[in-house]
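By written order: A, B, C, D, E and F. Residues from 1 in each chain.
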Amino acid sequence: MLEMHDAKRVAFIIETPMQNRLTGALEEAGVTGYTILPVLGGSGASGRWSREGQVGRAGGMVQVICIIRPERLEPLLEHTFKLVERHIGVVSVADCQVLRAERF
Amino acid sequence: MLEMHDAKRVAFIIETPMQNRLTGALEEAGVTGYTILPVLGGSGASGRWSREGQVGRAGGMVQVICIIRPERLEPLLEHTFKLVERHIGVVSVADCQVLRAERF
Amino acid sequence: MLEMHDAKRVAFIIETPMQNRLTGALEEAGVTGYTILPVLGGSGASGRWSREGQVGRAGGMVQVICIIRPERLEPLLEHTFKLVERHIGVVSVADCQVLRAERF
Amino acid sequence: MAGFFDLALANLGSPLILSFILGVAAALARSELSIPEATAKAMSIYLLFAIGFKGGVSVADHGFDPALAKTLFAGIVLSAGLPFVAYALLNVLTGLDRTNAAAVAGHYGSISIVTFVAGTSVAEANGFIAEGFMVAVAAAMEAPAILSALWLIGRSGSNRMDGTLWREILLNGSIVLLVGAFMIGLLTGKDGLAEIEAFIVTPFKGVLCIFLLDMGLVAGRGIRENRDMIRPGLFAFGILMPVIGSCFGAAAAALIGLSVGGTLLLMVLSASASYIAVPAAMRVAVPEADPGIYLTLSLGITFPFNLTIGLPLYLGVARMISGV
Amino acid sequence: MAGFFDLALANLGSPLILSFILGVAAALARSELSIPEATAKAMSIYLLFAIGFKGGVSVADHGFDPALAKTLFAGIVLSAGLPFVAYALLNVLTGLDRTNAAAVAGHYGSISIVTFVAGTSVAEANGFIAEGFMVAVAAAMEAPAILSALWLIGRSGSNRMDGTLWREILLNGSIVLLVGAFMIGLLTGKDGLAEIEAFIVTPFKGVLCIFLLDMGLVAGRGIRENRDMIRPGLFAFGILMPVIGSCFGAAAAALIGLSVGGTLLLMVLSASASYIAVPAAMRVAVPEADPGIYLTLSLGITFPFNLTIGLPLYLGVARMISGV
Amino acid sequence: MAGFFDLALANLGSPLILSFILGVAAALARSELSIPEATAKAMSIYLLFAIGFKGGVSVADHGFDPALAKTLFAGIVLSAGLPFVAYALLNVLTGLDRTNAAAVAGHYGSISIVTFVAGTSVAEANGFIAEGFMVAVAAAMEAPAILSALWLIGRSGSNRMDGTLWREILLNGSIVLLVGAFMIGLLTGKDGLAEIEAFIVTPFKGVLCIFLLDMGLVAGRGIRENRDMIRPGLFAFGILMPVIGSCFGAAAAALIGLSVGGTLLLMVLSASASYIAVPAAMRVAVPEADPGIYLTLSLGITFPFNLTIGLPLYLGVARMISGV
């Protein structure tokens, strides 16, 4: 069987105007691999919103996903915590497995 | 290290016309946090489809994701089961961890 | 409580021109259930990109997600490895649980 | 008959129909040509707004027509009644079970607004201007068929409708836009039209071309992926039902005394099958019915038939009835 | 006054305002009618490009006007100063805390380009052509208000701005497009306009209709979801502040000696509140301020007020000032 | 030479080129201005449909031209042959390895349809109407270069092509749309054109402006992100290769005896480099080649060069050849 390696999958749901700042913070934390997914809408402590109710980029959100080696989790969370803490949004971390661990 | 708390990540892939009913059922189950992601296409027991093959909203699907405290999983699934059972789509649950558990 | 069954969630992030080849390989591996999500942008070993920086479909990526029974993981990875190995992108596998295992 | 063939050929040779055929051909050849979903939605908003607005202006211009109420009533009766005809025909021609047959039947009572728009184009190209209020009739015919379909499924049908679904059906995007634009046209009249004519009238046919190209791509993809499903009985239904529907429409138009254009459009509304409002309602209320069947029939068979052969046929009949 | 009511009625009866009202009504009735995000963005790009280009051509055509520099300066002063007026008024009328009040105030110093475009339409419909450089004034008024808002929040305000945010504000999409298209119009002049007139002038009003329909949908949805938030004090602010802002604009225009059209537009710029550039900046720099408050005020109350009642009112005043 | 500078200045001063420059400048300044993907796709569908249709109508109008077959043949030979020229030039100017050099070379045999459209615009602005069939030649030149590139990579190249890839290349969206619209134009002729002229002819240049703005944004972003990659040798290749390609095109046009417009367009097709069809094929068949290199060259260097300097240069040569 193909060899799999343990990794962590960190998912940030964050406001669009913060996207570049988040990916910048990821790069500072040494994480160069991430993927940005569109978000249509959602609901949370700060209420409900949907992409159709937007004019311009003020209110939209995106999801940023990084798959990293387990030992990189702590620096990643530390570098991004300041951004995430002040702004609305959600961060979750899950275990996963990857092929070709040398790429992460 | 930042303290992490165990949580569950529930993902529903469901038809667009059912989206409001699902989020309504989530709110009935006391879940106010969820995120809606667009889906481009897929394949399952009921065949293949793609967003480009759609006129209007009849055939499209979306993905609804909720991150909840573990003890909320059962009521959530019970409240949404009726909707999910009769309609095409998929529900999956995974373990994850979150910062700031008080928000969930 | 509703009975849950163990399953695997495999996520491929792959270039758009490879999408049909990947879903074809999945079908060869006996997997008929998958969902395709849009991707807005990302960064990896081959650099950064964003959907807005695209003319035509050459450079875009998509995410393909399959939820499968654990015992199907190995054939799935074997059937898709050739595709994934030569092309840029990422494959990750995570544990999850599903209702109605007979559908997978 | 010679007249019909000339008409049919002229129709087939218009850029509109050729664009549709291009789309079908591209999809059957599995080209990856596609129109983005947002663009298709934008075009349909444009077409609905333009046709609604022009209808309203025309009513404002010609004053209140007593035929309006009668035609609205006829439209509602046709929409509610045709599903029963369709259901009976399905029982004769196909082996569909009750649920699927009822779901399909609902589609044929309701309407396809693009077929209506194409009908308007054909009418105008042949010098017939329909009553402006036909737009309102189109809107009124969207929903009643859904009730009939649910009734056909059985007693339990009524439980399937909740308040939310009602609101979704009656306030679905295309009804609101069509009726809203109609009201705006009615209120602003010719002056309002003059302000935005360069947008909603002049480029209309060109936009319709690209929209039909997209419809062709979607219909072609549907045909390709569901070709196993299209057995002779279903195929025959997809062709026969619009012709039968159009006869009911023609009879109603004759009773009311509509113009040639109005007769054509009532025939087209009766002949056409929904592929937006009804499928969405069925997915919610009758999830066990197979969308592969009703979408393939309405979008893959009846829509192309109406567009290519139906329209000139119905126009021929409409002229015959009116002796023009 | 009679003149104002006639104007107001004519304004309300135009397809533009009726389209906006249709949108609001559809959203309040919870219709699922919606315009795709990409389409809305495309329309706003079109409108910005067209209005910028036409402004540039008009400046190229009339030569350099010494009022240009004065009006630019006045615009910047208004944008930077009106937040203080708004902040004071908020303290009187509402119980908002310092942060939220400052965030709201910033929106009212900045501008709404769609209100500006609608103002241009109203001016032209009444035979008044504004100075072409008003487009540049609009662009100049987007950003200064943000600084004032941050200053109002307190000393710490300045730390909230980093270089990235500065660049994002000054090079935000609408400023770049407006100024860029203005420069292109300035460089190519009437000849350039002739080349693309059929695209940027002829269908302009029609596109604006559909865009206002979308604005109505968005505003209506905002009103529906935030209705608990709109207490009398906030509501009064949303109506009073634009009127007060327009007076400052009128005074500045009178001092400079702008034409009726130019006076109207400077009043409109002062009266209108931002719902794109400022909210985006606030989300980054002042995340603790509640977007539900400032977006509901600017988009749900002030924008509809300006569009329906404000525009004819401001035009009446502009004519009075100029004695036309 | 004076003639060339006048032409170049006139070209640079047109709203089309200025829009492109605005896009490049905005991207280099890192403005977040962007055109939604769906809108960009919609505009490219519009441009392809319009140009294909007009080409077909022109052929229908002028009757069959024996030069058609010759030019098609020349186009295919140019597309298949130019990659070898490009490969040799790359070996001289750069240190690219075999795979990357072959991948780049493939792009320069194929074509950029936007450059072609801009060329048509320049030709018309100077009073030269090209042969309508040039549209078909453009379609025919998309694919052959891909085969040459794979052959250059080596024996194994042929294994890289499977049936699916063949179909994807030959039925890619732009070829199908261009050829399909051409056929529709051919079948419906001037009457068909009259029906949709207000859509596909009148606003054409304006749409092209916005499309070039988007191309500028994309090209500018590509330049910014890949600036390390653009070493002198690659840069020189990106400028020299189109000039060399255009000479081959000019020679072929002179042999066939094309009009000034036709000569210009064959030169433009030869000079331009693909950034849609070929990159997509390369990602599938030659994933080890670096898209950063071939996209930056074709989109970031050659496309801007052709648009700003190339077009007037080629027009000057085309006029010289024809002695006009």
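Just so it is clear, a contact is a pair of C-beta atoms (placed from the backbone, for glycine too) under 8 Å apart; a residue touches a chain by one contact, two chains touch by 3 or more.
Everything numeric in this text was worked out from a predicted model, so none of it was measured.
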item	value
Chains touching both chain A and chain E	none
Chain at maximum distance from chain A, centres defined as averaged CA atoms	D
Pair of chains joined by more contacts [C-beta pairs], C-F or E-F	E-F
Chain at maximum distance from chain E, centres defined as averaged CA atoms	C
Interchain centroid distance [CA atoms averaged], chain A/chain B, Å	19
For chain A paired with chain F, centre-to-centre distance based on mean C-alpha positions, whole Å	39
Two or more partner chains touched - positions in chain E	32, 34-39, 42, 168, 202-203
Touching two or more other chains - residues of chain B	37-38, 57, 94-95
Pairwise chain contacts under the document criterion	A-B, A-C, A-E, B-C, B-D, C-F, D-E, D-F, E-F
Interfacial residue positions of chain E with respect to chain A in the complex	34-37, 40, 44, 164, 168, 215, 217-218, 221-222, 225, 275-277, 279-284, 287-288, 290-292, 295, 299
Chain A partner contacts - residues on chain C that touch it in the complex	13, 37-45, 50, 61, 63, 74, 77-78, 81, 84, 90-95
Residue ranges of chain A touching chain C (in the complex, touch as defined)	1-2, 4, 7, 9, 23, 27, 32-38, 62, 67, 94-99, 103
Interface residues, chain E side, partner chain D - complex	13-15, 18-19, 22, 25-26, 29-39, 42, 202-207, 209-210, 213
Complex interface listing, chain D residues touching chain E	36-39, 41-42, 45-46, 49, 53, 167-168, 171-173, 176-177, 180-181, 183-184, 187-188, 192, 195-196, 198-200, 202-203
